[in-house]
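The letters A, B, C and D name the chains in turn, as written, and every chain counts its residues from 1.
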Amino acid sequence: METRQNVNRADETKGASEMPRPKRISIGELRERLKSGDPGVWRSLEEIADDDEVKAFLDQEFPRHTAPWMGEMDRRQFLRLAGASLALAGLAGCRIRPIKEIVPYVKAPENLVPGIPKFYATALTLGGYATGVLVESHEGRPTKLDGNPEHPASLGSTNALTQAMILELYDPDRSQSLTRDGKYVTPAEFEADVKARLRRQLATGGEGIRFLLPSGSSPTIERLFARLQERYPQLRRHYWDAVHRDSVYEGARLSFGRPLEPVYRFDRADVVVSLDADFLFEGPGSVRYARDFADRRRVRKDAPTMNRLYVVESTMSVTGGMADHRLSMRPSEVEAFAEALRSAIRDGVSGEGGQNAFLSAMAQDLLANPGASIVIAGENQPAAVHALVNEINALLDNHGSTVQWIEPVVNPESRLESIRELTADLQDGKVELLFVFGGNPAYDAPVDLQFDEAIRRAGLSVRLGLNEDETSAHCRYHIPLAHELESWGDARAFDGTASIQQPLIEPLFNGRSVVTFLAMLLGDERHEREIVKETWQLAGLGEGAFEDVWSATLAKGVVPNSAFAPQEVSLNPFPAVASRASSGLEVRFKPDPTVYDGRFTNSPWLQELPKPFLQATWDNVMMVSPRTAEGLGIEIDLGAVVVGGAAPIAELTVGGRKVTGAVWIVPGHPDDTVTVTLGYGREKAGRVGTGTGFNACAVRSHEASWFAPASLALTGEKTQLALTQHHYSMENRGVVHEMEVGKYGHKEHHAAHEEMNLYPDREYDGNKWAMVIDTTLCTGCNACVAACVAENNIATVGKDEVIRSREMHWIRIDRYFDDLDNPRYAHVPVPCMQCENAPCEVVCPVAATAHDNEGLNMMVYNRCVGTRYCSNNCPYKVRRFNFYKYTLYPGTWDEETPVTKLLRNPNVTVRGRGVMEKCTYCVQRISAARRRAKKEDRPIRDGEVVTACQAACPTQAIVFGNWNDPNARVAAEKAEPHHYVLMEELNARPRTGYLPKFRNPNPAMKEAR
Amino acid sequence: MAHHPTVIEPKLRGFTAHYETPEALIEAARSAREAGYSRLDALTPYAVEGLVEVLGQRDDTVPKIVLTGGVLGALSGLALQTYVAVFDYPMNIGGRPNFSWPSFIPITFECGVLAAALSALVGMLMLNGLPRPHHPVFDAPEIERATDDRFVLFIESEDPQFNTSETREFLKETGAVSVQEVIS
Amino acid sequence: MPQVFSAKSNVLARATFLIAGLMLLVIILAGMYMTPYTHRTGVALDQPTPFSHKHHAKELGIDCRYCHTGAEEAPYAGIPATEVCMTCHSQIWTNSPLLLPVQESYLKNIPLRWNKVNKVPDFVYFDHSIHIDRGVSCFTCHGDVTEMNLTFKTNAFEMLYCLDCHRNPEEFLRPTDEVFNANYETPPNQEDLGRQLMEKHAIDTKQIEDCWVCHR
Amino acid sequence: MSQALHDKEIADIGTEQLIGAEHSNSSLTSKIGDIVLKQPSPKQWFVSLGFALLGLSGLLVAIAWLLYEGIGIWGVNIPVGWGFAIINFVWWIGIGHAGTLISAILLLMRQRWRTSINRLAETMTLFAVMCAGMFPLLHLGRPGVFYWLFPYPNALGMWPNFRSPLVWDVFAVSTYFTVSLVFWYVGLIPDLASLRDRAKKRIVQVAMGFLALGWRGSASHWYRYESAYLLLAGLSTPLVVSVHSIVSLDFAVSIIPGWHTTIFPPYFVAGAVYSGFAMVLTIVIPLRAWYKLRDLITIDHLDWMARITLVTGLIVFYGYLTEIFYAWYSGNVFESFMMANRMTGPYSAFYWSLIFCNGIAPQILWWRAARRNIIVLFVMSLIVNIGMWLERFIIVITSLHADFMPSSWDMYTPTFWDILLYVGTIGFFLTGMVLFVRLLPAIPIAEMKHLLHQKLHGHAHASEEVKA
């Protein structure tokens, strides 16, 4: 993938900003126009639709957005029609006419060759922490996100959430216009109103002005606030994130006297102990951490060794699934455990048996690896645990080596305090002017504060948000927020590294960025680009003429050497804590693995992404352990041949507040604990998200932000979960080969079958594409699935269809476990195996699926008649069928909201009703690389073709390449002694192979897993 | 196909003689042959064994046609498959050889049977000169009983031996239940 | 018993059988004849302005790439932007009525809307650049455009048409520097030349016959 | 007829009572012909026509909605890509087989009792195959392009994949239908002629005359006719075996445990005949009552059919036992799980009712009394029909829903539309049969006369030699 040095970015955007914007008009005029039908306001769809020009474009282009058509379209026209795309709601009935038209440019933009995608570097933030991405753009349509190899938080990988942010951009439910009390107003009116009130605040120094922000790390926004502060010294900023890290900073305060940010160096750690921390999956830097961690776990000929992971946790987390030794306990017990561990490390190990045995063996292991171990505590554990852990790391000399401390990347003040104060002030009527940027506090603020009601007490509340959500409903004004892919900005990564965000497209729905908005408050009329640029002019980007460095930085996506320097820390020991462990059932809150804190609830991709360990979609559930379930009288037979999705509904009571939701059994989950995930049960999420799952925030109070005593009782009703996997045992079919790393090289039970074939073998002398997946490294995070969906225009089908087992994912992550109470998990990503003796091909009556000369199992959609015979005959069941016209389905809904068509990858056919589809090894990427190579009269280089799943995988568990190339990585992995293929005895000869799941148990604790 | 006369003015076409049993008919036919009549036909409600031999009208071409049809059908079936899979558009289907003859057997067989069956039908009809909805004999009185319970012998007037009075007499002597003039 | 059918009916009866058989044959033949493979070529479509390739490409000798800029590097050869026309026509023929649409487009910033002459279905992924690069001339597929006053398609781009060349390229390949040459004479030893070129460009029919070369 | 004569017949053909004593050639013609020409239809005929048409309209609705909405309206999913459609396809094809067996194989075997029921059986074959033929087309994701399954020159340069059993099906089923049609029609020609000659209404005369092709029963015609008919029988015999073998290959050629079995062809064919005869009984038993045909379709006919049902039933049951044995003997983890899952898994209820219907129940036919008891026979025939449907359900569903990858296992549940389509085809089938009985001679007149002749004059055998 090449990153275009993007010098003319500025001009393009200037050009773009010249495009006709709606004139700001008064309500009266608006009414007139709505009558007269003059297209002046984005919102007036039918008016737009009636505009012949626009209609022409829409007519012309939309029906063919799904195909490689975009050849001859002008960027600006494109942007205009994109902006008006909702208008298509009225025009969806476009039909392909016998004669198609070509619409060439009027003035061709330089440096844009139709049909050749360009890649731009930018960054996207989650919880304020940036992840660098490369955005693939087709004629001005961003279509795919991939990690930016230059960026420390990514190194080229992404997680599922980042993959889905491209869909967030095109979400047809994003707010389209400026409203006051739900009615449209012109920006002019709004600005007049706000500025008037601001002026009134000048007198009081702006003590009535409050901002409520989610965590952010943007230097520019800091700068703008500083300027505001000059004008209104009394102005206050409050912060709120549902997924906050209070305890991390508080822990640091306790240990070092000041809030600091930890950065872990898993690449240096031989022993890792996690106390309720899901560091491989959640939190800042998790993608990078996963990579570093995996690099120490990659068992190969040259270095058949790996690190060891102990996990002590109060739920079943992705990190826990990777553990070599795992101990589950109720959240409140972790503190005591940490205390015990500290004393063990400090005063030497003692005691044996049960938990102590685990603890002492672990402690010994840690002591044996000073400076090469990491003990890490979860955000959900109280500050005390963090303080204890900090001390343990100090005792192990880990500070500075494996654990580094830097200045906080985001504002470290306590979120819980901050929002509590704001609510109080609101209730006391102290707040004249409240600005709520992003986030969704009305939905996820601590329920006992009743923040949503409090908002109404503000003199004037202004909401800047992507969607008109619960919070917007309580605010006076709602202003559409520009997506990060639509706006200029900057942000810092988990280690402080800064990136500059550049827009990939003009705001689709005429939203404005935080920067523009603040500038507006300051009366600063400049384009946001200029403001961001200024920030860095002041900060300095490095040697050389600024313009050059600037564009170089944009192209690279990272501001060189901007990472925060590690701080010297001196630790003040933490006093012994009396165990505050409560008895009885506890509830454990957790950001949802797919919809996070609710910001992705309206994302069909993520809704349909199976949740790790649950394999459930479109719902959140109350997770309990088998024993607890037994106690509650829950009957779910996890051993059944086909586990149905019928889940009992239970009522969860926390501090007198109640919420009801589906209960599901998760082996390995601690007893007497119920884990609930945030982000569901939303009332104003949008067409996709509204009404899915139950709202855990309804019982999440100020004191009980992460866990609390609770009670659970069955209501007697049942509900249907949409599961994607219905059987959890391997049935001794050797799907995963498990072995201890010590046994590396010893050929065990399974001896490679002798290669026999009834037919003369087919020769593959050219490129011989193959894939190897390392099951040791797969964490089951589903990033590959999301990436595949994004790359291959895969439809989402909605809950009902998933229940009918019709999900369309080309790659799925199978999850197996061996025991209910103390399970060992194994994750197996299963894409198409690209069998050389493909059983599917022989039975296709129309030769719609056959082999190409490189041994790929081709699937030709336009030839397929849909007998589904191939799927029946596929031993791996990786083929997917369009039972309905899924382009009408959630998130794909092209016919209703063509804006989602802009998201399409023009190099992949959008499959119609009644055709079979499957993984193609991203043949479109292979083909592109082949053509490039041919033009340069050279063979395709190793690593030149990267499949979407491979690129996304945080642990780089997937390797793809040309098996015939002796120097290719894939060839090396295929040569690994323990390489195996699924169901080898079928002699289908899969090209996709696997490496066994190696574990590294502590010899001292065989009995405790 | 049997050529047939197209006539305008009605004239005598011959005589039909009705018998009660197939045996009687066979006897009559035999004596008619011995009397030297050649333009004979016998109409019966169901196949009467040995009749054609007596009338000297036995013809065994149908099986030959069917055999040829069948063989040709099978061969063309096999040829089509081979041409497609080996020469016109060879494809690597599941690693199988281009000429996977075992997979071609069923279709080859079906083609053979189909062709054979059709040639049986067409062959039989053409040799019998069918369809022929109009035939002089249908003008004979009571001829409809030939498809019911009567066994009919028909001597055409074209027959060199034919003589209006003598032939009628002759037929009467063969024990016919009734002898009718066929005028059409 | 009276005849049910008249004497004529014999002929009729047999005729019906024959006709039925013939009809079947006719239907099959008609079906084959009417496939687009043999059809809808040589028809010029209405265009916003009657642009003549003959005039521009032949008489004036303008190179294909001057207007169809993408041909060498992109999947799409591309249709010239209005401003490309205006580079000349802002000086010459400025008051020709034929050019009104062009000028209007330029001034009002509204694109011209040409009717597509050569097209392949949406599920066919065709890349101009690679064909040009491997020595497939524009004129091989688009016919001698330089002789067209109004543009029409000379070949129906049906699968068989593409396969003809993908199966035996040697009959069509040209030296790369002759690709844009309208007056190129196919040499008598085309077959050998073609094979040499295939050798040179490592063109492997085995590979370019794969479904996934065009359908993805 | 004189008493003496009657005694003589008994002597001739022993106890076998295949044709009423009082019958003469003319009585046969009138009795059978008048069903079509004169006799007003019994009220049961109208009732059954009503039901049939109801089902037929259901079929139309089901198809319309299917074409509009797509395959999604059915219960099929991944892993269970085939559901009712294929089950019904196999079921119907199987039923068709009895017709060909009775008319062709039994003809070659000189089984006199085939005559009189063969026409009904053949007609049943035709409509059954039509029903069957619908499903492979309808179950396509894109029914609009079904013709891609036929080899024809086209602008794509593409052909069907002749390695695929589905293409074999296309050829097998269409051949089977064509040949059965020819066989059936050829058999009809002489009878059409006799109807033409008996008809009083001009319109009927013309209609029958047109179809009779001017047949006049000329001796040389009869000779060629007989040899053609015999040859068709000879062709149909291997054909009927091949067709269901090929259908069974749809499964046997795949690699799915429960499908990938060498015993499929023989036991599919047996099963086909088994279900076919059951269906003949189901149709014939009421018919002979309504139209008072007990003298033409005698209790001996039924007895014979019951015997065949019993024999084929035993073969099928043997097939089941073999499957179980293989599953154990192969030691193959997939095979043994498949069988265990059938017996104890979520679909075990279906499996055991299948064993009852096809394995246990038919054993009652060992008893002559049962075979000659109309009620028992009728109930039995229904049980067998159900059993054979269940067999296909077990084969298709239980094999697919839990095959190789445990992670992909899932259930199949038919939807309303699955069921409506199935019921619809039954309606279509009945409509066909009911109309046929009214419009065409349901019992071969000429052949019956021939049988009568053989019966009166014992030299059946001599004559057979001449024929062969």
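Note that in this section a contact is a pair of C-beta atoms (placed from the backbone, for glycine too) under 8 Å apart; a residue touches a chain by one contact, two chains touch by 3 or more.
Values in this document were obtained by computation on a predicted structure and should not be read as measured data.
Set against one another, B-D and A-C show the most C-beta pairs in contact at B-D. Distances from each chain's CA mean to the overall CA mean are smallest for chain A. Taking each chain's centre as the average of its CA atoms, chain B and chain D sit 30 Å apart. Separation between the centroids of chain A and chain C, computed from CA atoms only, is 46 Å. Taking each chain's centre as the mean of its C-alpha atoms, chain A lies 81 Å from chain B. The distance from the centre of chain C to the centre of chain D, with each centre set as the mean of the Cα atoms, comes to 53 Å. Multi-chain contact residues of chain A (touching two or more other chains): 839, 842, 844, 847, 850, 852-853, 863. Residue positions 1, 4-5, 10, 13 of chain C each touch two or more of the other chains. Contact with two or more other chains is made by residues 91, 93-94, 96, 100, 131-134, 138, 143-144 of chain B. Chain C contributes residues 45, 69-70, 73-76, 78-84, 105-106, 109-116, 119, 121-123, 125, 127, 129-130, 133-134, 201-202, 204, 206-207, 210-213, 215-216 to its touches with chain A in the complex. The touching residues of chain B, when paired with chain D in their complex, are 22, 41-52, 55, 57-63, 66, 70, 80-81, 84-85, 88-89, 91, 93-94, 96, 100, 103-104, 106-107, 109-111, 113-114, 116-118, 120-121, 123-125, 127-128, 130-135, 137-138, 143-149. Every residue of chain D that touches chain A in the complex is listed here, in rising order: 69-72, 75-79, 81-82, 139-142, 145-146, 148-149, 158-161, 163-167, 170, 253-256, 333-334, 337, 341, 345-346, 400-411.
Those residues of chain C whose C-beta lies close enough to touch chain D in the complex are 1, 4-5, 10, 13, 28, 31-32, 35-37, 156, 158-160, 163. Those residues of chain A lying in contact with chain D across their complex are 640-642, 644, 725-733, 735, 801, 804-806, 812, 814-816, 828, 830, 839, 842-847, 850, 863-869, 871-873, 875-877, 879-885, 913-916, 982-983, 986.
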